[in-house]
Amino acid sequence: MPCPAGESWERVVKLFEVTTSPLSADEVVSRLANPGVGGVATFIGVVRDSTDGRQVLHLEYEAYPEMAEQTLAQIGAEIQARWTTVREVAIVHRVGRQEIGETSVVIALSAAHRAELFDALHYAIDRLKEIVPIWKKEVWTDGSEWRSEQ
Amino acid sequence: MPCPAGESWERVVKLFEVTTSPLSADEVVSRLANPGVGGVATFIGVVRDSTDGRQVLHLEYEAYPEMAEQTLAQIGAEIQARWTTVREVAIVHRVGRQEIGETSVVIALSAAHRAELFDALHYAIDRLKEIVPIWKKEVWTDGSEWRSEQ
Amino acid sequence: MKVRVRYFASLRETVGLEQEEFELAAGSSVEHLLAALAGAHRGLDTRLAAVRAAVNRCYVSMGTLLKDGDEVALVPPVGGG
Amino acid sequence: MKVRVRYFASLRETVGLEQEEFELAAGSSVEHLLAALAGAHRGLDTRLAAVRAAVNRCYVSMGTLLKDGDEVALVPPVGGG
């Protein structure tokens, strides 16, 4: 008699993910877990209460999720090709409604030697804002607008 | 009759701290809490399992705690003087025995605009290793040694 | 041939659809598709200059030829992070 | 005058003390103190070239004059992070 179906014994870790769940930097960093690594750098995007002096009530993020995860993985590959001391990359972006002060994105990079982490981290967030199909709508008391940095 | 002594209603947040407790990046980032901020970058030091190919069992960190907290605060002040878009800085360093994979230090910086975060973060960890009176002893199966990058 | 067109964010609101099946002549390019969509959806025309196109989840140039069953996404300026 | 001397890490192990009160002639500098400590503690002499000194928790140069009650830390090469 075959074993009953159950949860897999494997822990499946997604390094590049779009999710509606709240984000934790510790949790994203734990996806990199590797005791050989000496340093991790993260970028944490936080929902701001204003842009251009206008009071934001909350944000709505929308994604093309399949392509967003694919482009996040592409950014990871670009980084590892360009900065060879970077060991692992994880990027998790939250979508849906988000309140002021909540975390919208966590980028985490690990390296045995830290020198290249910082340029790579800067590249990761710039590139995310350039190619990843995720959009954000600011909701004010008197209206709303889709924002982009482009 | 005076009110009985009790806990203060104020939440006292230490931005620069030496502690024996385990560290959380989320917790250190929360010390910066400010809804006006759009980006946070962190550096997370992780205890490595080897240096120079030698297997490390665990590390022992020792500090001159009063001076260490004072020099951490000095690094924060240096950063805010040099990179004016950096809003807040928090640095928490753990001391005592630490196992492979544990977090030894968390540096967190916030800024309304992200461009300067990465250089400032790089400066913070380099400067920490230069001036903060904290020492680390590697313990191997066959001995131990105080390490420094200098 | 038929392609599946997906709309997001401001374009989703302009068109009023998340996606649709769209019938095209064989040999059509992305550019041909966009022109046809602009004819079919009021208000889309003026928005297309800022739009990038992705076919099967990869960005492509406007001259890229489409084939039956392709998923074509109209990507307005992104703003994650 | 008396100063409090604090030892850390490898120097703490060399000297076998975490701290001590040390009697010095008035007008002594950090350099004078270090020379006196090297005379008092076997094995310290060869270690001093790599040591920085902190007085009352601030790094100082070797020529800095000490005063009664100062806390002087001998800081071997640091290695936090």
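Letters A, B, C and D mark the chains as written, and numbering starts fresh at 1 in each.
Basically, contacts are C-beta pairs under 8 Å (C-beta built on N, C-alpha and C of every residue); 3 or more make two chains touch, one makes a residue touch a chain.
Just so we're clear, the structure is a prediction, and the values are computed from it rather than from any experiment.
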item: Steps needed, at fewest, to go from chain A to chain D via touching chains; value: 2
item: For chain A paired with chain B, centre-to-centre distance based on mean C-alpha positions, whole Å; value: 23
item: Euclidean distance of C-alpha centroids - chain B vs chain C, Å; value: 48
item: Distance between chain centroids, defined by C-alpha means - chain B, chain D (Å); value: 26
item: Residues of chain B touching at least two other chains; value: 39, 45, 125
item: Junction residues of chain D - those touching two or more other chains; value: 81
item: Each pair of chains that touches, named by its two labels; value: A-B, A-C, B-D
item: Chain D partner contacts - residues on chain B that touch it in the complex; value: 45, 61-64, 66-68, 70, 93, 104-105, 125, 128-137, 146-150
item: Chain B - residues contacting chain A, complex; value: 24-26, 29, 33, 35-50, 100-101, 110, 112, 114-115, 117-119, 121-122, 125
item: Chain D - residues contacting chain B, complex; value: 6, 8-10, 12, 50, 54, 57-59, 73, 75-81
